[in-house]
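A, B, C, D, E, F, G and H label the chains in the order they appear, each numbered from 1.
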């Protein structure tokens, strides 16, 4: 029952199969919301300098290449192209890449939630990691599949979470050096917050 | 598996970041429903003379001041303005204020559900408190975030609840002195109940 | 195709069967939202000093008395208790009361949308009035009934509207004397707007 | 733009293909709601002694027999078993049966809304009848089909309506002899109203 | 992890505050669906001769009398009118009535789900009973409250269930003497099943 | 207000941009439902030997090739590959192909509803055709876009419809030679109907 | 019944009260979707060099400044700050600015749909303009208000539309010089389309 | 907390009461989606040569015969016609058939989710099997029943899952001999994936 937060020092991020083709099968949320959340998670990874591992499934086939927003934001992240394993945890290079991060808390997102995310999450939890599944930076075929995937992962001890909470845990305190960059990220991707800031500054200056 | 109810003697209420700006980001319920539930929770706190701790995050910035309905109803509640900590439990003054209530059961509500509520709830539970998260007197960015937040808190042993149930546990029995004030509260904030009373009195007098 | 707005001088408001019992049958919106909208419409009536006619159906029976919020806000409105007519337009006193207002634009709300509102609206339109049906200050048994009622009224030339639009047409310009009272009304019943004002004033004063 | 209500003297009811098999394809509302609405419409027909025509499509095949609740309530209604025509208006016996009612207002319900109801409604309107399509006493395969069917019929001048409004137009006034039977019908099929009556009588007697 | 089914010999049914007034506050399902499910549960109780305890909260006030369908179907059930206790388990007569049934499995339904049902369910579970909460034969103010109530009860080991599953566990086998009466119950309250039977018999006889 | 049905002799079908890429942007219905409806419409075209015109937009680019199910079922349909025109009606070959069908009733479906379908529908209606837009054999980016597209087309006199109604108008009577093939089509694509048939035959043979 | 499309030469765009404060009241769609659509409409305006008029309501008060994305994209658009008129059409400078565009087709979007958009749309239509209301680049307080606003505008001849359709009408043909910039816009704001392009290019190059 | 995947060697599939009549009562998803998922699960069973047990409840009565798609795809599966037991686990032949498969992981689907699936799942879990309940290849009367059934099964350790995840666990790696057949299955039943493949191949060949 202990609660220790995600920090820039204890967490790594796993981007699993956020590919252009697979992303077009998502119907558990709107595509603009999905892209917005994925972008926000990638920016959080960059802002907090978290080690990241990106993996793909048959990226030279119909599943398509990685969403460019991820690779553009995280040019140095290790990418593991899996030749066939559906569960990235079955790929030794991926497991090694995760291990090399030295982190024990894993933030996992991907497409689809019930396959690419759930399999990695369940495997990593079984391997002793503390796993967080970012449901809104992931996507799947319909709302029912999402609900079932969350229930299955929660049952196994994987923590369901969403990107704003990930960011809030990582930042921890608005007096840290990360705050300014994080604030901009929030304003850009949680639009009501950007609106708040705009209104506030105008009122101050008005 | 024991069940012991919330009482006026064993519970305190924590209002976490119910600020005007943050409240305008809520989309997991309608704003009239949210304001109605927050007001009801504040009135419950007043009716049952529960110790309350109010906390804010950057209240002099875009997040905005506390909803006036809370401070108007609870003028004597301790307010902890956090200079930067996102998780109120990381603020020593807040933890001390909670401890000073002497209560072991904590009723937590706030904005947003998955950050301000969940972090406090998870931390307080880890610290040994019995924590109730009031989901309808809280709010967040969309229904998915709410669902994920409830799942995460429930997984950790935090009890999800709604304001009517909080009030019913606190009252316990309609023969106590609190009943009249509580009845009025119910009539005002659970509108069907107010309608019932209006119809009943008219029928009796008709 | 001409468009001339509702004004304090050309419109009257008809409250049709907003009774405590009938209101408890509403499921096309939440009760807190319904009560909030009805209250707002009554306040608009008061603010803009619109002539109002209130009517009831069997108010001394199960349908129950008028919602007190209406009669409290509009103590001088004429009330026509119908002895049996379902369509208020079939009641001579009601039609006379409407005629006595001298207004050609009628703002109609009530319970239920497809009966009490639609029948009056269709009859009044047939009688030459320009009729506005306020859908969110009305209510009915489920969303399907609401949709069908709106389609039927729109088909017959009745204008579907909601309370914020009614208020905005009536005010017309924020430089009129009504503006201050109207602003408070908006802040109280469109909660996000109240939050905006609270944040703005705090930022100005901060 | 004239508005003249449905009355016991000017309206007939057409039940189109409310068959046991076809009814099991309905997904635009729940089955308990559908059966409840169909039963209420049949009782309205009986209460107000409206002429009724029942028709079926291949009732000795998979479409199944007429819902027994309809034939039980309306044992004297003429039944036209269509040997093949999908649009009942293409069946001479049906058109003749409708004509024989001598009524110019037709209340139409059936399964499915966009076929059996819409075809009859559009044909009858083209033939000069004033047609009301009872959407909640009808049913179809999903919500989209329902919405499209309502839009198509409304576009052609067919009036979309629901059963409670049909009953309210027919009754017209609670002081007519029909009132008692109609009140019981309402209490039985609009459950909140039955609850209102139960509460009212108890309060009166209490 | 053992699974032993509800049987006519090991289960009792608790009807908690299914009162006419309270029932009119339900918005987590339609009223026709709610009444249908409550009626079905009462019929199951009668069919399987289960001991039943009915309890009310302030039945001579606005909450109103028990739904007549329950008392009509179960005229011999013990009724405990609570003078003030919100949690029926705090009423000694109620607890004694439950104990007197001699059953260790309790099937609980009522209004509202998160108060009247949840409090009894949590208390009874704490007292060692095996508790089933029948969510569709219960009701509450909106879908969110329902979801939170289910989550809270499930967290505490109460089994969430719906009336068809209760009936199926009780019957166990279609070759028992209960089958005929149960089949009629299913046909009447799960309308698609009644339609299936009607179609089947017609096909057989056709 | 005349109503004359679609027949095998008076109607043609236009398939507008049902391409593999575009189809993956659909979120106003599930993809299995969309594919099912498109397939059914293509089969209807084949069954009733309707002239069909298929058109594509940049089929050798990201929009992708025509859904194979369409071309497989309708190998002889004329295909007009548009080099750039978004509105197919701006393409002379397309308009000529439509004219060559000699039909005055046009059944239009495509992706997306508000662009490819609506533009053709509005243009064809302006050119004097009687246009039917098949909403469930079309698709678009979200439910709001669908609703707005239907409203716009209905406003302009285009008839909104769904595939089952198209088929029912075309068949007209179950005693025509088309009936057997049409019945199989219905059983395959309106699954509840296939189930009905399966149950019926079993009961007959049982 | 004529249909003539929006073109770069016949249309102007009106941005009505897209202010930071007002935008935070939107609940008829998610904020990421709203911002995405508004941005897309502003980019369309820029791409097709459409004359634009931006107007605000009390922009130095709680309503807040214009969304920066609009003014950044359209630095040369005329801005009319209204001192008090709710309906921008009541402001002479605004009407003059619209007239000065010389365009007879007006594309209107704003916050809120039923006030700021509908009033301008109805007034402009009454003044003889051909008006298109862009529902997804507008926003309002809840889905019901949106539906009612669309019904009211459609009833008055205003054409409901969404941003992708606006863009498609403006582009007209992918062989025009606008195509490249428009394609990028589509890829950026209709994310599935961006994914299509990404997959296509990868497949081509792979 | 270990995670070991479903494999062709450790799993069996149980099809419980997927009968034509029962399937027509499903309202927790659309029928096209349900049939699509059931078909996919049957094809997965065939592709991976999993032992399967099919069982029916009163298949010669109104419940109807097994969906032909299942028996057509799995002609060699053992079928246990239960003479009366509702819970298939109470039928010795069924339990024996399951035992004879020699598998310890059971994939269960059926109609209805909360009865036929849940009872078998709970019983099998109690008997020591590792049970997966395939929610989208199952169906029930409404969404609430589905949610409650998932909650009850998850509480008891049954793993909720959907058919795509089942297939992905079984395949494990796209380099196995099963891949080609599995890919075709995915393309046929997860339509966006079929579209992806179609677009990809066209781009490659284009």
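Observations on the structure shown:
Basically, a contact is a pair of C-beta atoms (placed from the backbone, for glycine too) under 8 Å apart; a residue touches a chain by one contact, two chains touch by 3 or more.
Since the model is a prediction, treat every value here as computed from it, not as a measurement.
Any chain touching subunit B that also touches subunit D appears here: C, E.
Summary of the copy comparison: rotating subunit E onto subunit H for the best CA superposition needs 90 degrees, to the nearest 5.
Centre-to-centre separation of subunit C and subunit F, using mean CA positions: 43 Å. Inter-chain spacing, taken between the CA centroids of subunit D and subunit E, is 33 Å. The geometric centre of subunit B is 53 Å away from that of subunit F, both derived from CA atoms. Annotation for subunit C: residues touching 2 or more other chains are 21, 24-25, 30-31, 33, 62, 64, 141-142, 147, 151, 157, 190, 192, 195-196, 199-200, 203, 206. Going by the touch rule set out above, the chain pairs that meet are A-B, A-C, A-F, A-G, A-H, B-C, B-D, B-E, B-G, C-D, C-E, C-G, D-E, D-F, D-H, E-F, E-H, F-G, F-H, G-H.
Chain contact summary for the complex, subunit C toward subunit D: residues 21-22, 24-25, 57-58, 61-64, 83-87, 90, 112, 114-115, 118-119, 122-123, 125-126, 141-142, 144-145, 147-149, 151-152, 155-157.
The residues of subunit A lying in touch with subunit F in their complex are 24-25, 27, 30-31, 141-142. Of all residues in subunit D, those touching subunit C in their complex are 1-3, 5, 29, 33, 135-136, 146-147, 150-151, 154, 157, 159-162, 164-165, 168-169, 171-176, 179, 190, 192-193, 195-197, 199-200. Interface residues of subunit E facing subunit F in the complex, by the touch rule stated above, are 196, 199-200, 203-204, 206. Those residues of subunit E lying in contact with subunit D across their complex are 20-21, 23-24, 30-36, 59-60, 62, 64-65, 67-68, 189-192, 194-196, 198-199, 202-203, 206.
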